[in-house]
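Below, chain A partners chain B and then partners chain C, in two separate complexes.
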Partner chain A sequence: MEKKKFTLVLMDAPFENARTVSGLRLVDAALRKGHDVTVFAYEGAAALTFARQTPHANAVHGRDAAQEDHPLPREWVAALFAAARAGGQTLDWINCGLCVDERGVGEFIEGARRGSPADLWKAAEASDNTLVLGAK
Partner chain B sequence: MAKYILIESRDPFESNEVPHQYELAASLAREGNTVTLFLVQNGVMPARRSSRSDALARLAKGGVEVLADELSLRERGIGGDRLVAGVAVATIDVVIDQLADGRKAIWH
Partner chain C sequence: MTRKVLCVIDTAYRCTLEEQDEPAIWITHAMRGAGADLAVLLRGNAVSYAVKGQDARGLAFGARTQTQPPQLDADVEKLAGKGVEVYVVEDDVAERGLERSDLIAGIKPVSRAGVGRLYGAHDQIWHW
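And then the complex of A and B:
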């Protein structure tokens, strides 16, 4: 299949909604199929790549942090970056700077970058198709 | 005519807007467009035969390709033998394929 460029727009904060998982599944599917993807993450989704997400233990069930193995969205996104590198695709993850500042989540994992709403427009213009996962 | 993929993530018991999305798919198909309704997350719930699944069966009869995300079905314990007629199981790869085909896409 001919390589395409897609833009995916995410809005949901980490841990809040199944849309996050669906959005990341779509990124994964696009990369597996050899396409390039730009993710524009704004509103709560600007925190998906926050480097300080930290797993915790589960005192109720007597599990320490390692045993609890709490999933973290930043690790899922890091895995997508690794998949893109391995497959020769481009994953460009842009966090809206306005939303990043509001939420104080300006420390990103490697690969994610700060941008602005103008980057969403530029990405959509440069893409073959765009999908917005609205939060309402 | 145009091609569309409408992605429905909500259960009609959860949101009164879902029937409006079904009607959008139906009207686009009636006008001669190629339409896929891809059910994901709780959007697959009415794909299991129930009081709300007739709407999906009608869409399929009306020419809409109705697909249900395999992983979402599995998460919810909905086996292929419980699906209403006209709904087919598909992977999320279909969404990417149809985006690559240039379909106009709406997520609800």
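And then the complex of A and C:
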């Protein structure tokens, strides 16, 4: 299969909407098929790679933090970076810099970087297609 | 070759008070500044962005007042001034009891039935 480039725009904050999970699943599927992916994280999505996301226990579930094994978006994204490295694909994760500053989420996991709308346009122009998953 | 992208906006007043603008409109401005070839289609509740004379002043929490409220009609009008074609679904305008005369200048009406043709005239559709 011919290698393609795909750009995805995410906009929802972590822990709030299944659109984010769907978007990350699309990234996972594209990487598995050998394609390169750029993600532009806009507005609340700029917190998806915030390094200080922390798991917690869940008394309602009756589980401590270890048992709960709370999924964190930063870990999902880190796993996507690892998958890309292992498969020889490129995953470029760009956080909107102004959105990052507004939210104070400038501590990124390794691999994520800061960027601007100009970077989104550059990625879109270099991609075969672009999908926007806007917040609703 | 630069591709032409139609940005479709139908979710209205999304974080407009916090950002003091509309994020899809804002990023369209920013990407236009970076050389992007973009058009905008306002449909659904977002047709309200094209209504002239909006006034979002007055928000206050205790002593903290908002001094730079969003000016969405002006932001949309400026887009048109930058050469970005701005379309509005006229059926959605009418369903909300609005008249063409309520809208800012420079907006291009398109019928709901004509949206498909408009999509076809662009290389990509970005649904914000």
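One rule holds for everything that comes next: the second predicted complex is superposed on the first by the 133 of 136 C-alpha atoms of A that agree within 3 Å, B and C clash if a C-alpha of one lies under 4 Å from a C-alpha of the other, contacts with A are read in each partner's own complex, and residues count from 1 in each chain.
Basically, a residue touches a chain if its C-beta (ideal position, glycine included) is under 8 Å from a C-beta of that chain, and two chains touch if they have at least 3 such contacts.
Nothing here was measured: the structure is a model prediction, and the numbers come from that model.
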item: Chain C versus chain B on the shared chain A, clash or fit after superposition; value: fit
item: First (chain B), second (chain C), both or neither touched by A:E43; value: second
item: Partner chain(s) touched by A:R74 [first = chain B, second = chain C, both, neither]; value: neither
item: Touched partner set for A:R25, first chain B, second chain C, both or neither; value: first
item: Chain B versus chain C as contact partner of A:E125, first or second or both or neither; value: second
item: Partner chain(s) touched by A:K4 [first = chain B, second = chain C, both, neither]; value: first
item: Contacts of A:P117 with chain B and chain C, given as first, second, both or neither; value: second
item: Chain A-centred angle between chain C and chain B, computed on Cα centres after superposition, in steps of 10 °; value: 60
item: Which superposed partner A:G134 touches (first chain B, second chain C, both, neither); value: both
item: Shortest CA-CA distance in Å separating chain B from chain C in the superposed model; value: 5
item: Chain C-contacting residues of chain A that also contact chain B; value: 129-130, 132, 134
item: Residue numbers on chain C that touch chain A, as the complex places them; value: 2-3, 5, 11, 14-15, 23-24, 27, 30-31, 33-36, 124, 126-128
item: Chain A contact footprint on chain B (complex, rising order); value: 7, 9, 40-42, 71, 91-93, 95-97, 99-100, 102-103, 105, 107-108
item: Residue ranges of chain A touching chain B (in the complex, touch as defined); value: 1-2, 4, 6, 18-19, 22, 25-26, 29-30, 32-33, 35, 128-134
item: Residue ranges of chain A in contact with chain C within the complex; value: 9, 11, 42-43, 116-118, 120-122, 124-125, 129-130, 132, 134-136
